[in-house]
Structures are given as C-alpha cells and as structure tokens.
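Residue numbering begins at 1 within each chain, and the chains themselves are lettered A, B, C and D in the order written.
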Amino acid sequence: MVGGGAGSFIGAVHRMAANLDGQIELVCGTFSSSYDNSLATGRSLYLPDNRIYKSYRDMFEAEALLPADMRMDMVSIVTPNHLHYEPAALALDNGFHVVLDKPMTFSLDEAYRLQDKVEKSGLVFALTHTYTGYPMVKEARERVARGDLGKIRRIYVEYPQGWLKDSVSEADNKQAGWRVDPQRSGIAGCMGDIGTHCYNLVSYITGLKALELCAELNTFVPGRLLDDDGAALIRYEGGVRAVLMASQITPGEENGLSIRVYGEKGGLEWHQEEPNTLIIKWNEKPKEIVRTANGYTGAAAKFNSRTPGGHPEGYIEAFANIYRNVALTIQAGMDGQQPAPEYLDFPTVYDGVAGMEFIETIVAASKNDTQKWLPIIKRK
Amino acid sequence: MVGGGAGSFIGAVHRMAANLDGQIELVCGTFSSSYDNSLATGRSLYLPDNRIYKSYRDMFEAEALLPADMRMDMVSIVTPNHLHYEPAALALDNGFHVVLDKPMTFSLDEAYRLQDKVEKSGLVFALTHTYTGYPMVKEARERVARGDLGKIRRIYVEYPQGWLKDSVSEADNKQAGWRVDPQRSGIAGCMGDIGTHCYNLVSYITGLKALELCAELNTFVPGRLLDDDGAALIRYEGGVRAVLMASQITPGEENGLSIRVYGEKGGLEWHQEEPNTLIIKWNEKPKEIVRTANGYTGAAAKFNSRTPGGHPEGYIEAFANIYRNVALTIQAGMDGQQPAPEYLDFPTVYDGVAGMEFIETIVAASKNDTQKWLPIIKRK
Amino acid sequence: MVGGGAGSFIGAVHRMAANLDGQIELVCGTFSSSYDNSLATGRSLYLPDNRIYKSYRDMFEAEALLPADMRMDMVSIVTPNHLHYEPAALALDNGFHVVLDKPMTFSLDEAYRLQDKVEKSGLVFALTHTYTGYPMVKEARERVARGDLGKIRRIYVEYPQGWLKDSVSEADNKQAGWRVDPQRSGIAGCMGDIGTHCYNLVSYITGLKALELCAELNTFVPGRLLDDDGAALIRYEGGVRAVLMASQITPGEENGLSIRVYGEKGGLEWHQEEPNTLIIKWNEKPKEIVRTANGYTGAAAKFNSRTPGGHPEGYIEAFANIYRNVALTIQAGMDGQQPAPEYLDFPTVYDGVAGMEFIETIVAASKNDTQKWLPIIKRK
Amino acid sequence: MVGGGAGSFIGAVHRMAANLDGQIELVCGTFSSSYDNSLATGRSLYLPDNRIYKSYRDMFEAEALLPADMRMDMVSIVTPNHLHYEPAALALDNGFHVVLDKPMTFSLDEAYRLQDKVEKSGLVFALTHTYTGYPMVKEARERVARGDLGKIRRIYVEYPQGWLKDSVSEADNKQAGWRVDPQRSGIAGCMGDIGTHCYNLVSYITGLKALELCAELNTFVPGRLLDDDGAALIRYEGGVRAVLMASQITPGEENGLSIRVYGEKGGLEWHQEEPNTLIIKWNEKPKEIVRTANGYTGAAAKFNSRTPGGHPEGYIEAFANIYRNVALTIQAGMDGQQPAPEYLDFPTVYDGVAGMEFIETIVAASKNDTQKWLPIIKRK
C-alpha cells in the first residue's frame, strides 16, 4: 500500500475492503511521507519493519527483488490526486498490479500516459469507483442491458454532500485539506472528487457515451480556490439527456449519490445511502422494490453479495467487491487461465481516462460563459 | 364556473376545493362549448337550468344583471390555456373576481394585458398554483424567511411525471390532448404545464428573483409538437443557483414535484407526493421531520391545515386553501375591511406574469444552441 | 347535525367530508348543549336561525313536520360516546337516516338496541370507521378477497398515538377531556377510541371473524381512569392469529394506524399516515408499491378516488367516501332503486355492534389476570 | 473455527467479520463432521493441512500443545445449536477464549453449566447477538441510559421473516433444515432463532429485566415440528410493557428486526434493514433522524463505526464490532491490562443464559392455554 497513514480515511477503507474476503494479505507498505508515521502505521497493521518502506520507490525496488512467493503481487495507491500518477506508473514498470483511487490522475495528460503504460504492461489495473461495486448497481446495469426499460431517454444523477459547507483548515480536517487545494487536487474540486462518481455511474449502468455538455461550477465558500458545487446538462449518444448535479455545500446531506434512469418503457432509481434497494418504475403496473440477495435478482448482483436478503451490505462490501474481483482476475492470471467474465467487473484505466476527460471538459465549460455546449474531450 | 364539463379533470377538483370549507357555493356555470354537455354537467351539480349558460359571455352579462344577493361573486375559469385570457378579461370587465388555472394565458402578451386589467379593476384575482397551498410549503417559506437556513445558496426543483411517455390521442385522453397541442397549450408543453409549478414554487418558498437561465427542452415522443421534457440551470439574485427539471416521459413517476433548498446553515426538502412532511437538514445535528398540524409549526402552516397531526391533508385540501383564502379576502372586501395578511396568501396575477415570462425565456433559451445564458424576460 | 359546535374537531371534519362532493347540503343542526354556541355555529355555517335547534328532540320533531323537499334526509351525530344512542334512536324513530361516530354507543346493551331499531326501520345507518374509506384499504380488501395472498395466517394491526402521554385537563383540550372520562367515554379509553379502528380494519380487509382474545390494557398516566394503552393476541377463525396494539402514550406518534396481513403466498402492508401506498410483499419476486388512482388498481379503489395518481388523497377524502356512498345509497332508495353494490361500501350497525362486543371483551380480558383466553362476546 | 464448512451461511459471516479489521487471523479449524469437507474448506481459506483438524477435540488438544505464538487464542463455534455446548465447554477447559453463535445452547441446563465454566475459567466468552453491534443500536442504548426519553413505558419489538413460509427439505436448504429439526435446534424454532434476538435487543437497549410473559407460539406450515411464528406480551420491571412478535412465515419480509421504545418524554425507533438511521420522536418538536457516523452521536456509536456519515455500515460491520471488541479485550488481557470499558461492549454468557431462560419460559407459556402469565424462569 502507498499512502493511508494515520489520519487517512480512505487507506483504512482500502484495507478493510481488501481484508474482507480473506483473499488478500497486506505484506508491505509505505504509508506516509513521514517515515515515523509510516512505521507506526505499518506496525499497527502487524507488518515487520523490513516491509515498511521509506518511499514507494524503495518499496517497488525492494519488493521486485524478493522471491515470488514472498513479494507483493499488487499495490493499492491511496494518496491525494497529485501523487497518483508517479507511484502507479512506477508500480507498473516494476511489474505490480495496481489498485488506484479516483480521480485517476492530477491531469489529463497523466491519465493518457498511464493508459499507455497499463496497455503496454498487460497488468491488472483497477480504479476504485466504489459505487459500481454495489449489488443493486450491478442489477441496474443488467436490467438496462437486457432492455427492461426500453430505449433510454432521460437520466438524473446527483451527489449532494454537506461536509464542505464551511471553510475548513487542513489542521481541522485532513480529508478536506487536500481536496480544496488545487496543488494537490487538480483543476476540479467537487467535480473531481464526486462529480466523477456520478459520471462513472451513468456510464456503468447505461453503457452510454457522453457527447457534449453544458455546465456551471460554483465556489460558494469564500476564499476557496476550487469548485464546491456544480451542475451540468449532458447529451449522450442516441438522444439521451442527462442532468448531473454535485455539491459539497448542501447542509445535512451526507453522501447522497443517487441515480434515476428512464427509458421508453420503465425507469429505475437507486440511492447510495439505501444501497440494497433498487426501485423499478412502470406506468402500467406497480413500482417494484428489488432488494439485494433475493432469488429473483440477476447473476451479477448474486455474484457480488455475501449475506442473505435483509442483512444490509454496505459501503465496505461494495468496495470489497472491487478488490475481490481484482484478486480473482489476478489469481486466474497466475493460474494461467482466462479470468471469468464476472471477475472482470471492476473499473479500469479507461474509466479513469474518461473521468479525467470529463473533468477537463466540465471545468472548461464552466469557465466559458458564452458557448453553450462543449464536446466531451476525447483522446485523438 | 367556465369549463369543467364531462371529461375535465381540473373542473371537478376546483369544485371540490371550493366546496370543502362550506364558504363557496356554485351558483351558475358554462361548462363546455357543447351546450348539451354543459347542461348535463350543470344539472348533475344541482344547478337550475336558468343558471347554466351557453357561453361565458352570456353568463357574465346575465349574472351582472342579477341582484347582488343572487349573482355570482367570482368565477373559476378552468378551460385549456388558449381559453384563459378572454373569459378572464371579460369577467373582470363585468366586475367579477376571478380564479384562473395556470399557466395564466396562452401568450405573454395576454399575460401583460391581464395584469393591466386586474390592476385597474381592483378585483381579486387568483391563479391556482395549487402546490403553494400545502401547509408544509408554507412552513418552508416561513423558515426560509426567518433565516433558519442562513443565506440561500443552492436549489434543486424537479417535477417528473410519466403519463405522457407514449403518444396519446385526444380520443383516449382529453387531458393529454390539448396539452400537447400548440394551438391550445401555447409555445410550451411540459414546461408550461408543470415547469411553471417548479418555477413558482421556488419563488414562493424563497422569494428570490431569477436573473438568467440556460436550458434545453426535449421532445422525446415522435410526432409530438411541444416539449415533453426539459431542464434548466437558473441564476437567481444573490448568487443563488438552481437546477430545474421537469418531464412528462419518465415512466412510473406520478406527480413528483419536489424541492430542495440549501442555505449556508441548513437545508430543507419537500415532496408533493408526501406533502405533510418537511425535512429540515443540518450538518451539526440530526435531520428534523416537520409534520403538518403539530404544535411546533409556524402560523401559516397552522392557518392552512384542518385536521390534527397524522390525519393526512392532500391535494384537494391544498387547493381548497387557495379558494378559502380567496373567499376570505373577498368577504373582507364585502365587509368593508382590509383582508388579514394571512388571507392574502394565494398566487396572484404577478405569479401568472412571472410564469409566462419564464415560459417565453426557457423556450427561447432552448432554441438557442449557441448562447449559454438568456436573461429572464421582464416587462419594461 | 347533532353536535359539532365550537371546539369540536370531528364535527368540522364531518361537515367537510359531507361538503366535498357537492351531494350533501347542511340544512339544520343542533351543535351544542349550549344554545348560544349552537346558534353561533349554525350561523357561521350559513344556516337560518329557524333551522338551528335547541335540542335534537326539537330538531327531529320539527324537521319531521317539514315538507319532504325541505326537511333533512339524514342526520350526522358527532357527540361524545354517551350521547350516541339516544339521538340516533330518536332519529331512526322519526324516519331519518343516520351517520354516527364510533364507537357506536356507550354500552353494549345500547348497541344491541340500536341494531334492533336499524333493522326494524329499514333506514340507512352508517358508522364512521373512516379508515375503511381510503382507496388503498379497499384495494387491500379486494386483493385478500380474490385470494392474491393465499389463505391468511398472520395479522399485525397497530395504532400508536402520542397525544395523551401526559395528564390533560378538559380546559386545555376538549377532545382529550371526554375521552378520558368514563362517564362520557364508556368502559374503555384508548381501546374504545382507537382500538376499535384496528379491530374494524382487520374485519374490513380480511372479512375474518374473531373467536377469542388475550389482552392487557394499561393506564400509564397517573390519575387517569381509563386505559391509555393496550395490546391483545386475537385468534380468528381458520387458525389466523393477530396481534393488536393501540396506545395513546407513545410520544411522537401522530395517528399511526397500520396493518400488515400475511397469507400463505404473499403479504400486504398499509399505513394510514401514507395512505395512498399499499405494499404487496412476496418471497419470490420484488415487493410491489400499489398507489391510489393508477390504472392497475381494482374497481373499489377506483370508485373511491377523485384525482389522478400522485395527487394525494387524504383523511377528509376517505371520510367523504363514506358520506358519498351513504348519499348514493339514500338517493337510490329515493329513486326507488336498489343501490349498486359499490354504494353499500360503508360501515354499518353491525360493525358498530362488533366494535362494542370487542370493547366489552377486551376490558374483561384485561381485568382477568388468570384466564388466558376469553371468547369474543357475541349476541345470542 | 468449529463448523462453517461448505453450505454454511454463518461460518462465512464469522470469517468476514473477524477479517474486517485485520486484528484476527484464522489459524486453524475443523469445519465439518465430514473431514473431506473440512479439508476442502480449510484449504480454500489458505490453511495448511496440519491445522485442519478431524474434530474439535483433536483441535483443542493439538493447539493447546503448540507454542503460544503459534497456537490459536480463541475459537469461533458456528455449528447448529445441539453442537454448541460440548465444543464450547471443551474449548474453555483447554484455555481458549470462545465466540459462540446464539442461541447459546441446546437446553437451559447446558446454558447454566456453560455459565459456570465461563465464570470459573476467567476466559473471554462472547455470544453473537449481532444486532447489538450496530452503531445506532448503541446510540439507542446510550440515549435511554442518559434519560433522554424519560422513564420507559412501552416497547414494541418485532422480527418478521418470510423464508420459512413453505415446507423446506434439508436437501434444498441446509440453513432451514436444522432450524426446523427439534433434534438439532432445541425446543424452539422461530423463537429460538430470532425471538431471542428480539428479547436480547430489548435488554441491550433498555437494560430492563423481564418479569413475566403471556405468549402464543404457532406452527403454520403443516408437518413442521417447531414453532414458526409467535407473539408475547411481556411485563418488565417498573411497569414497562412490551409486545414481542417474531415470525418466519410472513412472505416478503427479509430480516425485519425492528424496535420501538417509548418513555414518558420521547420515543425511539430502529430498523435492522435500514440500520444507520435511528429515529427519535417527540410530541413537542419534530422527529429527529440520527445517523451513523455524524459528529453529534454518542461515544459508543462513534467507537463502533468505521466510515464517514452516509457510507452505509451493514450487517458484517455490526458483526465485526463484536469480534473487534472481543479481540481488544483479549489483547488487553495479553498485555496485562484491564480492558477499556468500551471494549467490553459485546454479548456475554449472561445474555446467553437469559436467552435460554426466555426460550424455556415462552415455550411453556405457549403450551399453557389456561394460565395467562408465567414468570420468566431465573436461575436459583
């Protein structure tokens, strides 16, 4: 693991998610730019001192020299955005599979370079768009794919949060600190942090490609340097229309990612805060309440749930689904086999590139107060 | 009453709403362009034949000649949009107070002319933006006004419906028929019918003025001549930002008007389909569930509810609040008194004008695929 | 109308419910034991002084002498329980149809005598178990009747309220005052006031007969003379088992009547505070959310709703369904016709008798701390 | 681990719960009475063959001989009820801490003997009443304890499930098989499996002692030998009254454990299927929606949650809280320290004894169709 020392939220989540199914073992790490913090963190995780490294460079070099049955197979990189590309690229160069936090990189250019590296390496690369790990999100995707809703027409996706409604100092809140700092977060604040989850969720559930968008990003908190709120109208292929809303200044909202997708025949609705329920909507018959781990769900939902219906599966389980599918994919490779199609159900470098293209486009669109529609930036 | 014959939905609603409190009595009407329909409707409502008129022109003339204690005091006009202005103007000319369905007129020009007539007449004029009649909407307004939420920043308002997802013939559905016909509905379909409710609700709850908007209206059903879906980004005074979404092609949605308003300190959320609940949101303390007819609500909510907490008040009661407040206002005038401030809590000709300006602006904005922001049209 | 003067809650509700559909006109009344209050109330309802009576005895005698087209056809009796039997009996004796509030009488003996009078009179008699008037309760009944759920096994019915959690003086709350007074309320407090609604709702939805029960009633508020809380296990015919819970001392509960019915195949759930939703439950497929005024509902739900789906119908509409069905039944009689079956869908004297038998039984069962099961008292 | 081989549900849950926080490592096991199954399970969990045992007897003996840094510290016993006592007793005899599934034993006598063994051993013993592990259950407990609700009066606790509504063969469903078999489950079916969770939850949240109860258990599925449904009225100390309802034949219910507790001042409500929400209820002010991992919650909720507000914590996290607290308690002991009070927040042998006493009492009460109240059996 790279990052995830004391004070990190997401590092601990990665570790719990990786632990959950007993398929992955933490064998080494460099958890902080401070070696003291790193050492303390590693020891608290029962690592021997010789597997707690001073830098990721050290770690990749040292681990690469270990015998195969000892050395790490993959690395989780859970640092702030400006420290994504370099360790990820170096890991790939050294032959390690990579799990990386989103947004994928600090800049779009880095994203393209990372894509090239992944493609050349043939290694497994996963991006933790966690919310695609929920069983009911997978059920939504399966139902759209098999045409239950008819041709898609209208999408609403939203992600309101309240935790950045006030000015926060880094001292008070380490999580908030780097997210509002353009030197570490990149050109987008709210849109990079959570808007990308919205954009990715639409892509995951519907498989549709965005064509152009019209957007306005806002900074409500005085003195803040990045957007803390925004909304976009997005045109997808096939005449599909979406509204995307994300905000970090809406008080009382915790982590309100929600999506509604409507086709010619039916609609669906999902809320991250009540993740085991998927609502299917019809004009001609009653709404249906589809629930995780019931016999009537599709194969993907079943493959990605662990407990019987009514035993709530939460955020860590969704996260763990990514780790488990990555582990199964890597294991298949080690066993010289093709991974089963259901193993490959995790976000990849292409989701990461799309997310960075979205960020570039929406920031440009917001700055442009005259031109209404901007085409989504795509790699030549 | 003008309009509201057999097959009309809203005519019956107006009559129930007017009946509810026993303050208003239906004394005459012209319910249809077909005299047979009108006669049948009137008789079913226990009207004598001599108070069932062949046309509104006949009615206004005849009623104006009746002695004061017999003649009607006010007229409810519940015809399709293209038949709003003329009977309303004529009613005012003949000295009758008017309750008119929204959107106020067929065109913006008519709206301005009606405004002039109302101002000159000194008569009571009410527009049935029903949703402002709900106690919890009034509570929301009161809480925003007294600053509970702090300075407002972000608004989401939406109105999804599903009933027009397919092409409908007038034979099948009289309600749908005229709404999708530009000759009777005006330049907007969905945005005129329900988008105006969204726009009005924001205005009612926050008191804010819209400055400019960026919008896209869509027509998803093949062959339909008016928009059946749309969304807008709206800039309000004071840096407040809103997203407005309305659709009539989202399957399974019944009448999903909802609003969320967030200020610097707190937020609120209200759903028309569960109208007796108002959710107040905070970062620092638990969400609060405010409910109609509890001792802790404000004066406006109390004045506009009829039964104890937990006895659901519905759409007809909200509608009846408009009628009752109008009746109290008229009665005060008859008694030579100033109406109490709480009586004046009903939508007026100015709401109607604002709604028509909104329609004009959003249709123009949607047609304009290059210019991002259009100022809201305002009367010179 | 008998009762319903200033300070009465239920009198106003009866009047609104009767007004709603424009089929019933208030023509006379005696609204209070105080003639001044009665006169003031009557005048505020636009009654002429000569139709505002000093007593119900005066009213029935005077009205009976009026010509048929002027005199009242039916009377609504909305007094406290101890003043139910006498005016109802006298009304029947004088040939007037009766709408009476529940519980039907002060004592079981009165109930049986009233039953005899109704049977002999051939007049229409309705008891306002309001909650059976909701469209989704009628839908529930229809679905049970047609066997959707399979043979019924298990029922949970509950009615928590919080408004009597503290000692209340009559001066503070007229509604509370008589309800906690055995001289006016009868032998039961909470169980008579709201427990009977639970019992009636089970009977209405399932059509099942109760055989025996085991119960405990409680009085939590010091000094109170009647039960303010209680629960019962009830055995119904065919091995069906029910739990009935009612309380008026559960803080924060408004008017929480809810019922769940489970059969061999499926279950259903309905909540009075969200009355337009009926949840249908299955093991093998998703839960279904049935909503008022959609095309897929049964005939009874359709006949008893007024507005399109998503326009909430509330408590007054449910109440008005009883009045409207009564009015249609009376009208059919006046027209010399059999009332249509759907008109006869309102609670009758037999529901009233069953309610009083339930009260007698549950109070006796609660007092008996040794014998577990008491058979439900039935008329010989 | 003892039990939890292929086809076991709860074994996998125990392992995930133990894994989650990285504090516990599975080092050995005997997973099935079939050594082949055991071997296969153990290997799939990356155990070396020499730590996969043929019997728990073998395991305890062999492990006890290993050096301290290699041998297991505690054992999780996840077998059906009839195989609880013996391995648990033997584990204690051999000096191993024990985590045991509920209900604690097959018979009450075994429970008392196990209590004695635990007390004598001084070892840590935990019973997996999982639902007490949820942060919002701990919040409920804290709020009751500090008197927020006032003196408690009324409790409703319920646990409807639908999965046993039909006759099930063991071949079809291994989970169902032993639960409906009195040879393996004990004298109670539904009440032992889930009724005990209800009873424990009341005890955990309120700290109240039950005095006597009145109950009826039912067997709805033909041919079934144990209860599959039941309800009880329970009298607690201090005049508190509870209704307890549990059923496994209510179709469409998944895992519907819910509790409502009302005091003189306020009430609370919690639903296992939406576990991160705790509703606090008042007459005089709005209901409050308390949510996991917000700054305003109490210390116990904070200590037992892992992710920020709005990131749902589910069933496995609740389960893991028990394991983590047990591990912290054991670790403190190893470190020669008193465990911090918050570590000791897990169900103990006394909860297990109380559960077995409840089972004995409710089964006896149900069989007794004449005597209304039976005192809760207590150890002399």
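Quick notes
The criterion applied here is as follows: contacts are C-beta pairs under 8 Å (C-beta built on N, C-alpha and C of every residue); 3 or more make two chains touch, one makes a residue touch a chain.
Note that the structure is a prediction, hence the values are computed from the model and not measured.
Upon removal of chain A from consideration, the remaining chains are still joined by touching into a single piece.
Set against one another, A-D and A-C show the most C-beta pairs in contact at A-D.
Chain C and chain D have Cα centroids lying 43 Å from one another.
Between chain A and chain C the centroid-to-centroid distance comes to 55 Å (mean Cα coordinates, whole Å). If you average the CA atoms of chain A and of chain D, the two centres end up 35 Å from each other. Contact with two or more other chains is made by residues 163, 253, 280, 283, 287, 291, 294 of chain A. On the side of chain D, the complex with chain A involves touching residues 9, 12-13, 15-16, 19-22, 26, 45-46, 161, 163, 253-256, 272-276, 291, 294, 306-317. Taken in their complex, chain A has these residues touching chain B: 149, 153-154, 156, 158, 160, 162-163, 165, 214, 216, 218, 220, 229, 231, 233, 239, 241, 243, 245, 247, 249-253, 260, 262-267, 280-283, 287, 368-373.
Residues of chain C that touch chain A in their complex: 280, 283-291, 294-296.
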